[in-house]
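To keep things simple, chains are lettered A, B, C, D, E and F as they appear, and every chain counts its residues starting from 1.
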Amino acid sequence: MKVTVNRKAHFNAAHRLYNPAWNDEQNFTVFGKCSNPHYHGHNYELIVSVAGEVDPETGFVMNLDLLRKIIEEEIEDYLDHKNLNIEVEEFKNLNPTAENIVVLIWNKIRNKLASNLDLKVTLYETPRNFVEYSGQ
Amino acid sequence: MKVTVNRKAHFNAAHRLYNPAWNDEQNFTVFGKCSNPHYHGHNYELIVSVAGEVDPETGFVMNLDLLRKIIEEEIEDYLDHKNLNIEVEEFKNLNPTAENIVVLIWNKIRNKLASNLDLKVTLYETPRNFVEYSGQ
Amino acid sequence: MKVTVNRKAHFNAAHRLYNPAWNDEQNFTVFGKCSNPHYHGHNYELIVSVAGEVDPETGFVMNLDLLRKIIEEEIEDYLDHKNLNIEVEEFKNLNPTAENIVVLIWNKIRNKLASNLDLKVTLYETPRNFVEYSGQ
Amino acid sequence: MKVTVNRKAHFNAAHRLYNPAWNDEQNFTVFGKCSNPHYHGHNYELIVSVAGEVDPETGFVMNLDLLRKIIEEEIEDYLDHKNLNIEVEEFKNLNPTAENIVVLIWNKIRNKLASNLDLKVTLYETPRNFVEYSGQ
Amino acid sequence: MKVTVNRKAHFNAAHRLYNPAWNDEQNFTVFGKCSNPHYHGHNYELIVSVAGEVDPETGFVMNLDLLRKIIEEEIEDYLDHKNLNIEVEEFKNLNPTAENIVVLIWNKIRNKLASNLDLKVTLYETPRNFVEYSGQ
Amino acid sequence: MKVTVNRKAHFNAAHRLYNPAWNDEQNFTVFGKCSNPHYHGHNYELIVSVAGEVDPETGFVMNLDLLRKIIEEEIEDYLDHKNLNIEVEEFKNLNPTAENIVVLIWNKIRNKLASNLDLKVTLYETPRNFVEYSGQ
C-alpha cells in the first residue's frame, strides 16, 4: 500500500541563462532575454513528492514536519534570495535552467531521505512553465 | 488509446491525529498540534482520476455525470461535515491521516467502478499538503 | 499617494454553527450540516490588507515582516488547530460564523497597527465562500 | 537523467456533444445539456509535457520557445475561437468530447516533436474536469 | 458592522460579439475572432458579493444557502450550457460582452435580494479577463 | 452604468531593496535578505483594472485588445527580464519595492488611457504578497 505525500515550498532567486563556451550573440540566439547579463528572477514554487508504505503506527508515509525541515535546510536556506549564477556553487559552471535546478534540488533532498522512499520534485519557474524530475 | 478523466470534488471535516496505544506526550511528540483532543479541521479537496479506453459511441472513458454521482454518494455523503474520528466507522480504530483517508476513498470508489478502469485518488488536506494513491 | 499592501496567511480549525437560545431542530433548520454537534472544520485562508502612505525612506507602507509577525502572534497562534467553539474565548458565547471570525481577526490586528493605516481583512472559509470586513 | 518540461496554453471554443447515429432523445439521455443544438463553450486550458534527456550545452530538454511556437501554430491557430463541430475537420464525424480533443492535440504536437522525446497532454475543459493522454 | 459575504458559481456558454448595425468587416475590425459567426465559448466563473449588517441571532449577513439557490435559479438555470445570442432573451438585441452579461446578472440577483443589502458581481470570462459591476 | 474591466499580465525581473543613504548594516536590518547585493527576483503578476461607462455600440468599457497592447508596450517591454535597479531609469534613485513599482506602472498606463476612465493596478510580487494603487 504505497501512498505519495506532497509538500509545497517556495523560494525567490535571480539568474541568467548563459553558456560560457559561446559568444554573446550565440547566447542571445538560444536564450533570448533570459541571457540578460544583469540578471532577471523568478518566484520558484516547489512540490516535493515522497512515495512509500504507510507506517501502521503513525498512519504517515513520513512525518511532513520532518520533510518541511529538510526542504527548509537543504533548499530554502541554500537558494532563497540568492543569485544562482554567482552565489550557488553548483551553478558556477552549470547553466541554472529549470531543468538543472530541479536535478540539484532532487539530489540534495534524496541525500536526506530514507532509501526505501521514492522521490519526485516538481519546480515551477513561472505559473506557466514547470519541470519535473524523479531520478531516472 | 487510454485516456485519463479527472473530476474534482470537496468535503469539510474535523479530525485529530491520535494513536490510542500511546500516551498523550507521545502523541504530542509525533503529531504536534494535530493531536489537539478538541479537534481541528480541513477543507479536503479531491481529484478522482479514472483511466480507460475511449468508447467510440460516446467519446467518453466513462460518463462524468455517473462519476459525479459515485463521488457524491460514496464520499461526500459519507465524510462531509463529519468528525472523522467519532462519526466514520473506519476511523474508530484507524488514525485519520491524509494517507489513511485517501486509501479509504480509493477503496470506496474502486468498489463502484467497472473493473477495466484504473483509479487514482489525490486528496488535498490543505492547499500545501496533499497525498495520492493508485491502489498499488 | 496611498498604496495597499496585502499578505496571505492561513490556519486550520474546527467549529460548529449553533445558537444556544434555539433548540436542536431550529439550529438544524438554519445551519444544516454546519450545526453537527461533533464539529467539522476548515482551512481558513486569510488576506490582510493595510493601506497607507509610502514611506520615502523605505519605499514601504509598512514592513511586511512586521505584519507577518503580527498575523502570526495575534491570529495563527490564537486560532490555528483550535476548536473555535471550545477553545477561543470570544466564541464561547458567539456563533463562529465566517462573519464573526473576520470581525474578531480585524479587531485583533487593528489593535496592533499604527492609527494612520487602514485595515481590511478577507477570510476564505472554503475556496468558494469568503467574507470581507474593513471596520465600517 | 530524464526531466519533464511543461508549458501551459489555452484556447476558447464552442461545441456540442452529439452522436449522429442516435436520435435527439438518446443524445439528450447520454449527453444532457451538453447536446444543446445551439452549442455551448469552454475556456480550454492546456498543459503540454515533454520528457527527455537534458542537453549539456543548453541545460534544456527542449527550447520552450520552440514548444510555444508549436503549440501556437498547431493548436491555438487551429482551435481558438472556433466551433469545433462545424469548423474543425476531425470533428465533423467525431464527437468533440474532452477525450477526443486531447487525443487530437497529442497527435498534432507529436508530429512536430523529435522522436526521442516523450509527450503527454493534459486538457482542462473546466477548472473541475480535465483529461490526460500520453499516447499509450 | 458591515461585512461582505461572497459566493462563487460558474456556467458554460457559447456566444459571438456582433453589432447588427455594422457590416461583417466592421464587426471583424472591432471584435476580431470574437465575431466568428459559428460562435465560440467560455467557462464563466462568477463571484456574487453581498454586503450588510451581521444578524446577531445567526451571525450571518444572509444565509449563503439561500444565496446559492438564488444564483442557481436566476443565473445557472438561465445561462448554463446556452448560446447567449440565440437562447437568452436579453441578448437578442444586445451584444453579449462580459460587460453586458455582468449587468444582466447583477439585475437578476438584485431583484431577489432584500433592499438593505448591497450587491456586487464579478464575472471571469477567462482566467485572464474579468469584469465587475456594483450597480452604480 | 459603470463597469470595471480587468486584464492580467506578467513579467519577470531581478531587484534588490536598498537605500543608498544608509550603510550595509542598516539596509540589512530593514530589508533583510531582500538587500542581497547580488540581487534576487520575482515573477510579477499584474492586474490592470479600468472602470468606465459601457459604450452602447460595442458593449465594451474599452477594447481589451487595446489595453493588452498598452500593457505590452508600456510595462512588459519596459520591465520584463530586466534588473530593475540597474536597467530601469526610475529605480536608479528609487527603491524598487512593490509599492514603488505599482505606482510606476499606474503612472505609465494612466498616460495612455482616456481621461474619463478610472484606473487601478494590482501587483503580485509573490503569490502571497501583493500591492494595489488607484492614484489617490
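Worth a mention:
Here, a contact is a pair of C-beta atoms (placed from the backbone, for glycine too) under 8 Å apart; a residue touches a chain by one contact, two chains touch by 3 or more.
The model shown is predicted, which means the values in this text are computed figures rather than measured ones.
Common neighbours of chain A and chain C, listed by label, are B, F. Listing every chain that touches chain A and chain F alike gives an empty result.
When the contact pairs of B-C are set against those of A-D, A-F or E-F, over half line up by residue number only for A-F.
Shared numbers divided by all numbers used gives the overlap of an interface; between chain A and chain D this overlap falls below half, so the copies present different residues. Centroid distances built from C-alpha atoms place C farthest away from chain D.
In terms of the distance between Cα centroids, chain E is separated most widely from A.
Between chain D and chain E, the centres computed from C-alpha atoms are 28 Å apart. Averaging C-alpha coordinates per chain places the centre of chain B 41 Å away from that of chain F. Residue positions 127 of chain F are each in touch with at least two other chains. By the contact rule set out at the top, the touching chain pairs are A-B, A-D, A-F, B-C, B-D, C-E, C-F, D-E, E-F. Here chain D touches chain A in the complex through residues 1-8, 49, 54, 57-61, 63-65, going by the rule given at the top.
Chain A makes touch with chain F in their complex at residues 10, 12-15, 33-34, 36, 38-43, 45, 80-83, 86-87, 126-127. By the touch criterion stated above, chain D contacts chain B in their complex at residues 17, 19, 21, 30, 32, 94-100, 102-103, 127-133, 136.
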